[in-house]
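Below, chain A partners chain B and then partners chain C, in two separate complexes.
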Partner chain A sequence: MTLIATRTAPSPALLPAAGPEPVIETIGLTKRFGPKLALNQLTLAVPRGGIHAVVGSNGAGKSTLFRLLLGVATPSLGQCRVLGVDSGRLDPATRGRIGLVTEEHTLPGWMTVARLAAMQRSLYPSWSEATFREVAGHFHLHSGQKVSQLSRGERAGFTVALALAQGPELLILDEPTLGLDVVAKQAVLESLLFAGRREDRTLLYCSHQMDEIERLADGLIVLERGELVSHSTPESFWGRIGCWVVAGLVPPEVVVEAIPGLLQRRVVDGREQLVVLDPDPDFGRCLERLGVPGATPLPIGFDRAVNAFLTRNHLSPDGAVAAPRSH
Partner chain B sequence: MRALIASELIRYRPLAVGVALAHLVVLRLAATLSPLFAPDLAKLGLALLVYAALGLALGLFQLGSARRPGQWTFLIHRPLSPGRIFGALTAAGLLLLAGVVALPLLAMTLWFDLATPQWVDGRHYPLGLYAWGIAAGCYLLGAFVALARSRAAFLAGVLVLFFLTREAPGLSVFVPLLLVLAWLGLLARAAFKPDLGTPLSRPGAVVASALPIGYALFRGCAAAVLVASSLGTSVAEKGIGGFSSFAWNDYFPAGTKDHVDYLDERSALEHGLAAADADPALAERRRHLRAQLPLASVLELPPRGIERWAERHQLMLGDGRHDLYDDETGVRWSFQHAPMLFQGLDGRTGEAVGWLGLAGPVPGPVASVPAGQRFPEVPYTDGERLVFTRNKIWQVDFTRAAVDLRFELPPGETLRTPVAAAETFVVAASDRTLYFFEPRDLKRPGVRVEPSVRVALPAEARHIARTLVAELVDGYLVTFVLGRQSEQDRHRAEQVVVEVGFDGRHEVVARRPLGQGFPAWHRHRGFWLSPFFQTAHDLAWTAIAPRRDARVTLGEMAANPPPSGVLALAGLVALVSAAGTGWAAKRRGLAPRQRLAWTAGALLLGLPGLLAFLALTAKDEALDLPAPEKGRRPLAMPRLAGEQGGRA
Partner chain C sequence: MIQIVTGDSRPLFRQIVDGLTRKILSGELPPGSRLPSVRGLAMELTINPNTVARAYTELTSEGLIESRHGVGVFVCEPRQRLSGEERERRLEEALQRFLGAVAPLGFAPEEILDRLRHELSTYRSATKERP
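Right after this comes the complex of A and B.
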């Protein structure tokens, strides 16, 4: 997997010298809204194919990145290319190659399912009726039903069906399962996994549901306060985060800042768990030296690992959760 | 694109059908209350305002709802160019307005034409198109306001005001309408871009938006200067709180035109007679005349009279009456342009009772009226008995079933004030002469009257601001206040008093030059604020209102430039505006070429140029980084060493 991510000044030398052109390529991409810096010097290349998850806490810049990719926002600085085209100059043909599913599942509520599908069919030359029927079939949509009468799950399914039927090379999904029940969420994920996954198709997927990401994603892009902090596979990211459980509680005289790579502290059944980034093989001894004896490693789930990473800055020296920092 | 149009039509279909039906019902009800095709100006204006409001509301709502973040991305992100998407939305909007505004009007016109005795002129049919044009213009304005980044976009509505000028004659009223539609369409299209957060960037779009917005700001600034100057004067004279009781006629010194403007009729006549004169005989004569004034009956003629005459086949946008009402029979006679006759409709039954031409009423079809009995041009009426064209006045006598020519002006003269009556005398004014009539002559039916006295106007009619007539023991005393355009020093202001004998002899007994009550900076406020906009305004007014008497000719504009002090002030304001624009443009991080263009624009446009710049650009494009956060410091971010995606 090609991984390019840096917050330093863009340098063409960092970009892949050979291989297929990335589907998404940003160089020093910066966007500010008034005093707020939403994206800061983002340099990123997403290769063709696979599902790439974008994670980050609220305000990390995910939606801004998507808006920049779709050309509905203009970079304050830097470049952004999608399917080889400057995102500010996306022509209709290129737009036809990019699908979009938003968290609001925004559709014209006054239209019927059949009429809206017919409208989209007339717009997209690569429309696949079979795909549409297959995906829409999971949600039991009736052609005469008005979009405004669809449940949230049905609307989400309809949106995904429309997006997949367009046959996009790049499909951008901005929290498509937000607010869905288990059944609807499952149906959407099934659609994405089985109908959406194609070799030549790239899915850029934003979600706060780490179980979904663990299940779907081939690549993981972590944004934080507008900056790219990681672009890797989920497995490699997960593999770098470990959890250690101590015999009791960390003594109050221990300076927690001195614990290398500490991401999260949590007390479970009277024993304190420490989630750590890039733990040393001798992390147990390291803790002992700091005055925390008896620490043993504990398996950690993907969702907890990512969440511990994303919330690490909320850890105050006394272990309490602090208010998130904003620009 | 057609699918998108269809989608929008489906969206608004129920609402549009409801509004169209309501429109039809209102039109039908209005037709039962008053003649639908001969409305007075207030009703017509109200209807046009409603159409304008409909268009504005649709534009604001349709594009306003489309620009919500989720909706906007769904709308714009499709394999269609933004131009085609915009075209589809506006085509749908304009079609809806056609269905809601034009179609009911057309249906009602057709119904009247085919199913009622009411005559329908060809000129009535384009009215639906005109109403639709007004609604469409406001729709495009609403779209521009909804899409534009700047809240000042609504100021572009000044363009819509051109619709309401009603100055263009006949069908040529569609020319300014189409121009304004094209302009507003261009603005709305320019604002319809994928990233709504960015300002307009194309030079043409920037200029097209800056000009109307700048003009609106120019008018606003001029009004603000006027209000501030007036308030300042009144406060300086009577202190805070004295504005409501401030008497301007006490403030302006005698001998100024503003002073005469505020005087009542009798005082204005006395003011004219108070002119200083070295000739003792003339002074004595004026004293004698002044002594009679307290007992004299005084009449003031309408200040402007008829400035524009209706054109044949023009839309129903004239500002005068074209109908007569016979209160004995209840028949309303409405003038129709195609036959050039009045059509009579019984107000109770709605039945047609015939046609009224120069030879009186003729029952039967229009074809039965001979060509010689038709009016030579579109006449105005006083609503009851009088009918007048440019140089003739007729009186309709319904009892005798006759139309009598009562008075005819000499060739080349045009009527301005058909009839103004005092207790003991009647006057009419043309553009050259003031005519006096004996009331007893007018009371004799069927008789052509001759004026007892003729008084030549002392100046072109368009310069006359007030005309006052007093009847004295042995004649009349007339005063003309000249200088309608004198505020900007384009004409001389003067008060002329003429003594008129019953035998027709008349003589100027006083000429009093009038000064100006306000200082030059107040009177020329438009010029020093923006010489460009003031000159453009004057030129456009002259071009659009070619027959309006109050216009200023190009020669007058060129021959009477503002005083040198005002020119210097205008130069100073332009320089300060340009410097301010350049400074603000640099602060806002504009590219050097844009800075130069805006600075040059402000130098040309003056203060409105600077204000338009501030309204159309914003500071948030500047890339100054935020200051470091104060307070608690978060834990250091772990390094993702060894990872390609790690922090450097």
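Right after this comes the complex of A and C.
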């Protein structure tokens, strides 16, 4: 991880506009499971407001972070504060200001939509009936339906409707669109963007769907092997990743490990593409010196850039980059 | 109104700027046309309203649209907004960007020129009205 110099410096654009206190603040947060470090010295401050996407490959520490934030796991080391309170000592009132939506969308099956909504309404003083109706409307939910009769998409919608109507200041969403069809997925995104996103509400959203993140996120938090790699706007992380097209293939005598920041090699139409993190402004010449002549820059999309970063460890765990995949 | 795609090499706000610029310069959106509100366009495209706001800010600073407080967002009257020198500089910059993206694709120069001519012909007002 030494090649990333700016991993703990948040972009100025993300510094809190209102309220000086971050909604989430961790300092040196570490969680150890036996010999494995699930989170390693995570220092993160998430300002109030907006949608912050958390990305990382499986095992990067996303779920562990969420469990620590919710106080259902205890840190091995370090601090974790949520809404100004130590997450290990969340009182019921503060806990009520934090919402959670998981991919399972677990709700009691025997209750009707109306009954469950009424129960939640009585439990949450900040309940918004307008928000509930708006989101439930996206999913065409009927008040008399039993939860057990709802489709997976409708159940997801109901969960999101309840979570947003509770009026949380912090809403944590763990892959809310996993396994949903296009229509339900679209409705979840609309709900989060237009009923959910507010200046005084922070949405912490974890997903593997880069297209969703491109549409939704104000901020992007990148985790890798339990460490914070970057916290910035999605665009500034994207801007750190460049792609170069070689005239043909990288000559076999070239030591690819010497190419600084190399994330991914891929052959498209007989020409090799190199995706690189934090390339030198004069990267073309740098490649030339290493024996790769005639490379030209090629703009790539957000999904390709971020996925190249997230999957580099699958190519080789030691940071070395494996031989190119044909495409 | 316009189409955007995720996974494109251009950020969403840039796609909105490009898409609306094209519609305005081609005359498809004539001066005085009303554009959707920031929230309206964000809902239409299912994207973060901040992204639309950013695109509108850029189009406003380019003099293509204006926001009339409490009324809406409208397409401006065409006028000569940039100095000759600035236009020259921007043309050079855009050409270099274009060449950087197109050269590696290996098309014959005539093919590229034909396509470019065709695309430019859709910008009737843009090519006609400039001195």
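Please note the rule applied: the second predicted complex is superposed on the first by the 295 of 327 C-alpha atoms of A that agree within 3 Å, B and C clash if a C-alpha of one lies under 4 Å from a C-alpha of the other, contacts with A are read in each partner's own complex, and residues count from 1 in each chain.
Basically, contacts are C-beta pairs under 8 Å (C-beta built on N, C-alpha and C of every residue); 3 or more make two chains touch, one makes a residue touch a chain.
Since this is a predicted model, take the numbers as computed values, not measurements.
Asker: So, on chain A, is it clash or fit between chain B and chain C?
Answerer: Chain B and chain C fit side by side in the superposed model.
Asker: Is A:R201 touching anything from chain B or chain C once the two structures are fitted on A? First, second, both or neither.
Answerer: neither
Asker: Please compute the chain B to chain A to chain C angle from C-alpha centroids in the superposed arrangement, rounded to the nearest 10 degrees.
Answerer: 160
Asker: Looking at A:S76 after the superposition, I want to know if it touches chain B, chain C, both of them or none. Which is it: first, second, both, neither?
Answerer: Only chain B is touched by A:S76; chain C is not.
Asker: In the overlaid three-chain picture, which partner chain does A:P299 touch, first (chain B) or second (chain C), both, or neither?
Answerer: Second partner only, chain C.
Asker: Between chain B (first) and chain C (second), which does A:L100 come into contact with in this model arrangement: first, second, both, or neither?
Answerer: In the superposition, A:L100 touches chain B alone.
Asker: Is A:H138 touching the first partner chain B, the second partner chain C, both, or neither of them?
Answerer: Touch partners of A:H138: none, neither chain B nor chain C.
Asker: Going by the contact rule stated at the top, is it chain B or chain C that touches a larger number of residues on chain A?
Answerer: Larger number of chain A residues touched: B.
Asker: Can you work out, in whole Å, how close the C-alpha atoms of chain B and chain C get once everything is superposed?
Answerer: Once the two complexes are overlaid, chain B and chain C approach no closer than 20 Å between C-alpha atoms.
Asker: Which chain A residues come up in both lists, the one for chain B and the one for chain C?
Answerer: None.
Asker: Under the definition above, what is the set of chain A residues touching chain C in their complex?
Answerer: Residues 50-51, 186, 189-190, 193-194, 197, 210-211, 214-218, 235, 238, 245, 271, 296-304.
Asker: Under the touch definition given earlier, write down the residues of chain B that touch chain A in their complex.
Answerer: Touch list, chain B to chain A: 2-4, 6-7, 10-11, 70-74, 76-81, 84, 194-198, 619-621, 623, 625-626, 629, 632, 634-635, 637-638, 640-648.
Asker: Across the complex, what residues on chain C touch chain A?
Answerer: Touching chain A from chain C are residues 6-12, 39, 42-43, 46-50, 100-101, 103-104.
Asker: List the residues on chain A that touch chain B in their complex, please.
Answerer: Counting only chain A, the residues touching chain B are 3-8, 30, 32-37, 67, 70-74, 76-77, 88, 90-93, 95-96, 98, 100, 102, 104, 106-108, 110-111, 115-116, 118-119, 122-125, 221-222, 224, 227-232, 236-237, 240, 257, 261-263, 277-278, 312-313, 315-316, 322, 325, 327.
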